[in-house]
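Got some structures for you, see below.
Each of the two complexes below includes chain A, the first together with chain B, the second together with chain C.
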Partner chain A sequence: MERVLKLRRRQNIIGWGFVLPASLMIFIFYFYPIARAFVLSFQTGVGVNLKYAGLFNYQRLLADNLFKKSLGNVFIFLIIQVPIMLLLALVLASLLNDKNLRFRGFFRTAIFLPCATSLVSYAIIFRSMFALDGFVNAVLTNLSLISRPINWIGQPWTARIVVVIALTWRWTGYNMIFYLAGLQNIEPSIYEAAFIDGASGFDQFFRITIPMLKPIILLTTIMSTNGTLQLFDETMNLTNGGPANATLSVSQYIYRLSFQYSPRFGYAAAISFVIFALVAVLAFIQMRVGDTR
Partner chain B sequence: MKRKLFKGLKYLVLLVTSLLSLFPLLWMFVSATNTSVDILTGRLLPGSHLAENFRNLLAKADVGRALWNSLRNASVATIASLVVCSIAGYGFEVYHDKGKDFLMRILLLSMMIPFAAIMIPLFMMFGRADLLSTTTAFVLPTVSTAFLIFLFRQSARYFPKDIIEAARIEGMGELGIFFKMYVPIMRSTYATAAIITFMGAWNSYLWPLIIMQEPESITMPLLISNLIAGYVTDYGALMLAVAISVLPTIVIFLALQQNFAEGIISSMK
Partner chain C sequence: MKKSVSLLLVLIMVFAVGSNLVLAQTDEVTITVWCWDPAFNIYAMEEAAKIYKEIAPNVKINIVETPWDDVQTKLTTAVMAGQTGTLPDILLMQDNALTKNVTNFPGTFVDLTDSGIDFTQFADFKVAHTTVDGRNYAVPFDNGAAINALRLDILEEAGYTLDDFKDITWTEYIEMGKDILAKTGKPLLTNVADSPDQIMAMLQSAGVWMFDEDGDVFIAENDVLKEIVEIYVEMVKSGVLVQVNDWEQYISTINRGTAAGTINGCWIIGSIVGQADQKGLWGITNIPRLERAANASNYSNQGGSSWVVLSSSKQADVAIDFLAHTFAGSVELYETILPSSGALATYLPAGDSDVYNEPHEFFAGQRVYADITDFASKVPQISYGVYNYEARDAVGTAIAQILAGADMNSALQEAEETVKFLMGP
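Coming up: the complex of A and B.
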């Protein structure tokens, strides 16, 4: 008996040995920096010459129009792009969730393929396609849909539209995969019964598919919100935040404050902490709303 | 009649969406073989200027070095991540007790932390450690992720416990059981984790943008991003650079699509 206990103790210690290296790294590279960012947000100065300044950074934040603008931009993307993308992904997933569908594998792969493209790469592809003298304008002009080329990237709202189109192109297939997995857990007999009862495809989508997938829709909403609030690679390479900061994201503003202008680490940390709080609060709200029926 | 119409509409929607999904990628590959002028006037056929674009690209950017750096960084990141996270995931499942379960829950909270919120402290850490522009700095912050630990913990759940007991009776050590029994059986989980980690590291942009400051440490995403600076863009050379950086991930994706999808989905279990 004592030998067994001793063996268990030994195994327990070995177990800690297995989990500690990875755990320590998460503490060092995630938890310590977020705590450090919090402390930093109460300091001011240039570069690493920092001194405590209380709530100064947060007060400055409230009067910073560029910060408000970047936050507004991110919310514009969030409110317009995320619902369009998720609805599209849902529709595509329910169309693909049909064992008798021909070319199913081709459709699935084609729609999923944009996920294999890096964020920088697709941003640059879209930037090139929507350039003033670029492919999209050439096609639209040839089809006589427009008389003069549209300066897509050069005007605030068209630039935002291009970002929305690009984001939707890259991420719809990604979300569709989640929904497809979720749909496989729904009994086909439910749809059959609904069909016999005379429910149209439209009814089936809104009365069966959406309610049954609610937890997954919630998950993808949280992920997309999280991703949009952290938007960086796309706006940096597609529009460089322009024109007139109409597509500047908060992450890009933090990057500019820290690494392009004279480094204001304290102030940038205050902004980054706001993002952290927003991600947490929005996830919490979405979970609350998603749980009620 | 109505059903037939619906069916036709269904195929039409799927076909149009598929073509829209493929088009930008096809356009990019085709454009890599055309001149800037052809690309801008909307040419959609493969041209004969691939070699010329290649020469122009090499004159502007050190593609060889960037490719090598990206490959080395992504490989080191993948191997290190797989070793560290799979041992931890296995440990959290096989030796689980109250303490370790609690620790795991804490670790999962790290998934809520946006990278933008921690990049400045991380940059300061690596600056102080004098590790800027090194593979170590590129790799270290993302070696251990709660997501991968979780993935391996879930897969260890399906690893038969009898095998572990039997191996212990045979006198096999705990590490031996992990390497000789668990690792070979869980090959598909490793494949999934490898694809996700490799693609993430190969495509990563913001962290290298901050940390890889020496020209010698440039990676593919940084190289492409640098090509759009300046007034005149050589679209042929630019699309060739994009094609070079995207081709490996597309090949991996097409070959291992199932693993990739499983990896994405496992994040919601």
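Coming up: the complex of A and C.
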């Protein structure tokens, strides 16, 4: 009996020994800064002249038109882009899950490949493609679809469309991989039974695939919501928030407040905690709606 | 075990003593500098290091290439975190960010007023940009005097010469622009949309800024700004000015000859001369002036940067001595860097040098450097203020809204309120 206890203690110590370094690192470099940022969000002032002011920063937010504008922008992206991307990823995943499809590996890799590109470089490539004399205008003009070049990045809604297209290109494959993994866990016999019962491919997709993938759809929705609310690289490099702040994201506004304008770190920290709260609330709602266990 | 420990101790002691000895013998000092352009300010710094090597052979200048955006980000992070030890001894600062950084980070930069550097030897407008509350915080470097650079062959095709553009008003500029557009199909001017550089240069040409003398926002009631917005909108609507989306496209309109000219800081020459097959086709003159503004002139400034010394530097006195003997005291330095980099100085004694009076073959033999030095001496003085970047963005947004059809007064009112909010408690 004593020997068993001793062994268990030994194993426990070894286990903690493995877990501890990583946990400590996460605590020091992740949780500690988050706590400090929360404290910072109660301080107000410009540059190094910071002083405690309670909830003042959170109050100031309510009157901040640029903050409201940037929040509106990310919600536009969220509402338009996330459903398009997730639906596309689902369709692609179920197509590529077909065992009879030739070159399946090639297609999977090709669709996943955009995720391996750097956020900054793909944004810059999209900017040059959608330039006034860029690739997209050249193709559309040569196909006689448009008579004169469209100033994509120079107008609010076309600029937003370009951002949506870019985000969809970059992130669809990423979500598709989750769905493919989920599809592997669906028993093929379910589809066979459905087929024998006369269910069309359409029925199979909506009646079997989507319900069976529900937990994974929930996961990808929460991740995409989180990612879109914290959007930075794409709008920073593709449109730089323009024209007239039509694509300014909240993160870019935080960046401007911290590093381009007279720095207000306390206020910037308050905005990031509002985003944190929003992500938490949206994730909670999505879980209540999506998780019917 | 014991043996190896004592051996280790002995080794450590030998190394420690040895390295102390080396330090004591040569007393070598390394001055670290952050700046960003290999063809321009880094090159100038390297040449300055060579000159100072003869005065103080024990001083080594270590240049670290750091783009301006990174300089600002690193500076802000280091000061806010109290880690000023990570900063260099000298860094190059954009003039339009100097007041902001000096005011928000008090004590971070060395006050150079009584350092022995003679600031009267620099162009007045430039010293105004590097002075905060009457104290000098930077050794002025490059010249951003605004020029109107024009393609002589395109002007000729439409029946104009460079002289027609000298000392003119914006109305005359637009009239000729429309004519040139009709005859050659080329706009006179291109500009990056959402970037209000052109507006800023026009404001300074009348000695006015987006803040009044007390530092309060001056946008909604600023009649000079309104005149400028009207001119800008007319230029865009008539096609005299074409807006492009980013800097690369802007440069390509100059280099590919899709535009008949450009108005910018004189450093744009560096990009113009990059296109070797356009040799002899360019000329420069002063910029058009406003009509209704009280102090309108044909001279302005766009961009420019200066050297600041960090208080956290352990060798700040060496850094100051280095700058005093080079950028603030060596005509030879400016004579060396001008021909190969086009780096025009704001150091007035250098302007008398023969090098500055050489004809420039790219500009059809025009004495461009002498002309620009003359322009620089006439640039109106203004102070950019602490909230310059906030105001720039707000005015840039207003211009985009006005061009999309919004009412000018309400767009400028909104810009004023945005800046007021950002300046607020």
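Keep this in mind: the second predicted complex is superposed on the first by the 275 of 293 C-alpha atoms of A that agree within 3 Å, B and C clash if a C-alpha of one lies under 4 Å from a C-alpha of the other, contacts with A are read in each partner's own complex, and residues count from 1 in each chain.
In the analysis below, a contact is a pair of C-beta atoms (placed from the backbone, for glycine too) under 8 Å apart; a residue touches a chain by one contact, two chains touch by 3 or more.
What you see is a predicted model; the values in this text were computed from it and never measured.
Superposition of the two structures on chain A leads chain B and chain C into a clash. In the superposed pair of complexes, A:250 makes contact with chain B only, with no contact to chain C.
Contacts of A:106 after superposition: chain B is touched, whereas chain C is not reached.
By the touch criterion stated above, A:117 is placed in contact with chain B alone, chain C being left untouched.
Contacts of A:127 after superposition on the shared chain: both chain B and chain C are touched.
Using the contact criterion defined above for the overlaid structures, shared-chain residue A:190 touches neither chain B nor chain C, since it reaches no partner. Counted by residues of chain A touched, the larger count belongs to B, out of chain B and chain C.
Contact with both chain B and chain C is seen for A:259 once the two complexes are overlaid on the shared chain.
Overlap of the chain B and chain C interfaces on chain A comprises residues 48, 127-128, 131, 133, 258-259, 265. Every residue of chain B that touches chain A in the complex is listed here, in rising order: 6, 10-11, 13-15, 17-22, 24-25, 27-28, 31, 39-42, 84-85, 87-88, 90-92, 94-97, 100, 103, 107, 110, 112-125, 140-146, 149, 174-175, 178, 199, 202-203, 205-206, 209-210, 221, 224-225, 227-228, 233, 235, 238-239, 242, 245-246, 249-250, 252-254, 257, 260-261, 264-265, 268.
Contacts from chain A toward chain B in the complex involve residues 11-12, 14-19, 21-23, 25-26, 29-34, 36-37, 40, 48, 91-92, 95-96, 102-103, 106-107, 109-122, 124-129, 131, 133-135, 138-139, 142, 169, 173-174, 177-178, 181, 201, 216, 219, 226, 229-230, 232-233, 236-237, 250-251, 254-255, 258-259, 265, 268-269, 272-273, 275-276, 279-280, 283. For chain A in complex with chain C, the touching residues are 44, 46-49, 56, 60, 63-66, 127-128, 131-133, 151, 153-156, 240, 242-245, 256, 258-263, 265.
Residues 72-73, 76, 79-80, 100, 103-106, 193-194, 243-246, 248-249, 386-387, 389-390, 393, 397, 400-401, 404, 414, 417-418, 421-422, 424-425 of chain C touch chain A in their complex.
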